[in-house]
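Okay, here's the structure, questions in a sec.
Labels run A, B, C and D following the written order; every chain starts at residue 1.
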Amino acid sequence: MRKKLLIFLTFIGGLYYFVEWVMPAESGIEKTLTPFGQVTLVISGFAFLLGVINLVRLHGTRILKTRPGYYNSVALITAMIVMALAELLRFYLTPTPHWVDKSYEFLFVNMRVPIDSTIFSLLAFYMASAAYRAFRIKSLEAALMMSIAVIVMLGQITVGIWFSDMIFPAGYGLQDFREWLMKYWNAAAQRGILFGAVVGSLALSMRIWLSLERGSFFDREV
Amino acid sequence: MKKPWYEWIQSIDRRIIYLVVFVVVSLPFFIKIKLPMRPSEPTENLYNKVEQIADYNKTSTKKKCIFFQMDWTPSVQAECWPQTEAMIEHCFMRDIPFIIMGWAPEGPMLTQTIAEKRAKEHGKKYGEDWVNFGYKPMNLPAFLAFIKDVYSQINQDTEGTPIRNVPVMQNVESIRDVDLIFHVTGSGGVEAWIQYLQPETGTDVATGCTAIIGPEMYPYLDSGQLIGMMEGLSGAAQYEHQIGYIGKGTRGSGSQNLAHFWIIAMMVLGNVGYLFQRKQEREEKQRLEMAGE
Amino acid sequence: MHATYTMLLLSVLFCAPIIYFILVARKGREIYIRPIAGLAAIDEAIGRATEMGRPVLYVSGLARLDIIGLCSMAILSQVAKLCARYDLRLIVPTNNYLLYPIAQEAVREAYAAEGKTDIFNDEDVLYVPGQFPYAAACVGIMHREKVAANFFFGAFYAESLILAEAGNQVGAIQVAGTPSTMQIPFFVTACDYTIIGEEYYAATAYLTKEPTMLGSLVGQDIGKMTISVLIVLGVICMVLMALFSSVDSNWMIELLEK
Amino acid sequence: MATELEANDASRKRTELIVVLVISGAVLAYILIDMFRAMASPPDGQSGFGALFDRFMVGVAAICTIVIYSFLYKENPFYRFLEHVLVGLSVGFYTMLTWTQLLKPNWWDKLTGADGLPPNWYWLLAIFPGLMWYFQLSRKKVWLSRIIIMFFMGTGAGLSFKGIFNLLLTPGRGQIQQSFKPFLTRFGGGVVFTATNFNNIIFIVVILCVLSYFFFSFRHDKIKILPYSSTLGRYFLMVCFGTIFGTTVQGRMSLFIDRLTFLYTEWLKVLAG
């Protein structure tokens, strides 16, 4: 019974947009897009507390059982509450008091942004050591990939472009070669991948829409 | 027993590598070398498109505007900030009005900061030269509704004024009145605009993306679904070069040079050692086989 | 834009074979999938971990509760079974709160199936939200637990390099598989084996021998074949246009845009 | 032997500690001096304390940056602390934004009636499907949450048709039509073979080979060409990955350049902004 209901709802959910797509514009079905969009948006928005609840569950237990590193969990929960408060105050207090703006700026501009972008920028270093340790000519494939990578790299830095433009005739410099690689070789390969992915996602949509998914997980979860 | 050289050059401590990265990126901040630059094809196309809009606006009373879809977060601000800054600079220079919106919360906020900074120098005013819808979370159904009717989905801008009362919006009845979608992102998502908006309205879409997703965009550039692209920091630098503005992109290009060379050096070093080691091992094996016979 | 006749025709051409082969496969018809190199690597890695007696890390990346995530979970259950068989500790950090319970259930079931419930610890399946916190957490685990093998199956973004590199650092044997093209280069360079793009789904089907996925794969192959044929025909039309002045427009394009 | 090792270890730890203390001491000292310098001569239109606090905030940002980079030396509790703080900040931020930007304007205002609109109580109904998400948290009633999840997956599936076929077949811009590249060019009366045509041939060959690499169910022994084309396809994919690797190097370096720009210009102020 439950399963039937699920299958039915999935089908209905898909059917609306499928029909909207198939029907000609004259049918005027487009007018229904706006209200439908608004309602679905609100409904999906209601999930907004799930992440918080899960996080509080997880770290709450860590704190209560004072697991090693529980102070991190404390910091996490505190940061969460403070940030949420700042956002709320900034939104509801009009005109926003100076201290709220300052504290919000402090949390967002001076803590969240630097931490986030710095963690991301660690990648620059990992890239260097990966190039040194991991990027090995183990096979012809690797050799090909590596040489292409080097050409592309030289073709995108000003020194490389300037130098190659001095040596090679106009229109045959490294930048042009890079663009040629990008425009034909890369674009074509990417399009091949794209076609594969597109057909794949179409198949996936069919399976979901008609509830054809089976198998240990697919049965239980989709 | 002493390590052979090929093992030694393979066993440089990663911390030394990290240190050199720090140094090579730092140096160009203090030693400035100006090198010639020329825009890549996608960047030039984007520039020309914006120029087109500007020329159209000069003649007509109903100004066309650019829609900034800012889907970037602080983590990729290194690339997306300069791109956005260059585009905003261009818009202010050729007074093209623009609209800011984002599906990532931080994008519109940071873009607003940039716009305010640049506006001071150009004497532009919020509301008359640009408007910021702010962070508007949307799922696809909502996005389709948005395409059908902007005003149904968005009621207020970040200042809390109903967007119908914002001067910029006087020329924008629907999304069709937007002449260019400029989508800046560090994580893709421009497809939504290509797939659902462009076929409806025929609006041109351009993207400013982090260098890593640059290659993924080339099929769209080839098919014309994307009219132009700024590819990473170098894309931003090329664009700044075209509009004659020195921003983060141009300043970064010096460091890019040395950093790239260091990466290449690391690749070569690692592999030279690796290949020699392999050669030695092979010879060793052969010798043993000989001895075996 | 609303569906044109060509679009409808093509959608039938694409979808019909998919549905047909799924149903056929369900009926139990044998379906051939070309062997996926790199799947053998999973057993190899587990074997290595057993020798070392160190834990195994299974990273599902930023996969959400979508097909990528579910495929990842399907592979996870296979890995977990192997780990349970050889009394290995399996650590699974998940990034998505919907995937988290599924992963936990999958691992628990796998260990139960091998009768090793005693060595399964609920804490070993964790939930870490956020992209870089997640990556950092995985790196932390690799360092702290000295993992012997890393499996990267799921959706990956910028964090892939951090993960693969950190894996190298602790000298773990690594197997990766992901449809996120942008990250494959790093896995190719830093991992011992990598499963590329669409292969990921094929691998899942190959492992689970799950008729729906197998059937769907055949259907998709036919879809891709259709596209290739269209392209070839279109190109031929273009050549004809160049050769004969009587051909003034590309029939294929006209046909497709009807 | 063991004792010797321990001794080395201990000494290394000591040096590490000293280095850490020196660096952090220097950083803190600089921040303090900077703060009070700012207070002594605040920029016009700002109170002394305001200037001090501003510099303090920049100092905190710098500390965050440096602490994160300490991870490059080795994993340490400070780094882990900040990483937890980041999670907290992000989640708190996103959750509240969902309320203030999504639910408040699109639901609450319409429900209770804002800026002149009459309250529309029908919006109350949205709560029931909305609350279904939370049944995920209960092991027994989890299937109720499936209802809403499945509905959204269904809509996604229905939408994908439109998206996919628009992507492939948009008139003049479709991926498929745009793959019809001419191998020959008509020039004046005759037919010529230009560089573009050559590139087009590359383009088509690459597409077809790559596609053939992703054929999984066709038997390679039956269709004689497949083994060759798919091998070629893999090589072409490698070319593509090579370009990705190249551009990624640029991308990653930019990230670090950005952080250094912050440290040099905004914090240390050794460079003009």
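Heads up, the rule we're going with is that a contact is a pair of C-beta atoms (placed from the backbone, for glycine too) under 8 Å apart; a residue touches a chain by one contact, two chains touch by 3 or more.
Everything numeric here is computed off the predicted structure, so don't read it as measured data.
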Relative to subunit B, the most remote chain by C-alpha centroid is chain C
Dominant interface by pair count is A-D
Subunit A and subunit B have mean C-alpha positions lying a whole-number Å distance apart equal to 15
Distance in whole angstrom between the CA centres of subunit C and subunit D is 20
Between the Cα centroids of subunit B and subunit D the separation in whole angstrom comes to 12
Multi-chain contacts in subunit D, i.e. residues touching at least two other chains, fall at 71-72, 80, 83-84, 86-87, 90-91, 93-94, 97-98, 102, 136, 152, 155-156, 159, 161-162, 164, 166-168, 170, 172, 174-175, 179, 204, 207-208, 211, 214, 234, 237-238, 240-245, 247-250, 252-253, 255-256, 258-259
Touching at least 2 other chains, the residues of subunit A are 17, 21, 38, 40-41, 44-45, 50-51, 54-55, 108, 112-113, 116-117, 119-127, 129, 131, 133, 135-136, 142, 145-146, 149-150, 153, 156-157, 182-183, 186-187, 190-191, 193-196, 202, 204, 206, 222
Residue numbers in subunit C touching two or more further chains are 1, 3, 11, 65, 97, 129, 132-133, 136, 158, 161, 181-182, 185-186, 188-189, 197-198, 224, 227
The residues of subunit A that touch subunit C in their complex are 21-25, 50-51, 54-55, 58, 116, 119-120, 122-123, 126-127, 129-130, 133-136, 142, 145, 149, 190, 193, 195-197, 199-200, 202-204, 206-207, 210, 212-218, 220-222
Within their complex, subunit D touches subunit C through residues 71, 75, 79-80, 83-84, 86-87, 90-91, 136, 149, 161-162, 165-166, 168-172, 174, 176-177, 179-186, 191, 204, 207-208, 211-212, 214-220, 234, 237-238, 241-242, 244-245, 248, 252
Per the touch rule, the subunit A residues reaching subunit D in their complex are 2, 5-6, 9-18, 20-21, 38-55, 69, 71-73, 75-84, 87-88, 91, 102, 105-127, 131, 135, 140-142, 144-153, 155-157, 178, 180-196, 198, 201-202, 204-206, 208-209, 222
Counting only contacts in the complex, subunit C reaches subunit D at residues 1, 3-4, 6-7, 10-11, 31-34, 65, 97-98, 101, 128-130, 132-133, 136-137, 139-140, 143-144, 161, 181-182, 184-186, 188-189, 196-199, 202, 217-218, 221, 224-225, 227-228, 230-232, 234-235, 237-239, 241-243, 245, 250, 252-253, 256-257
Residue set of subunit B touching subunit D in the complex reads 15, 18, 21, 25-26, 29-30, 75-79, 81, 105, 134-137, 139-141, 144, 155-156, 162, 191-192, 194-196, 198-199, 210-212, 214-215, 219, 222-225, 231-234, 248, 251-252, 255-256, 259-260, 263
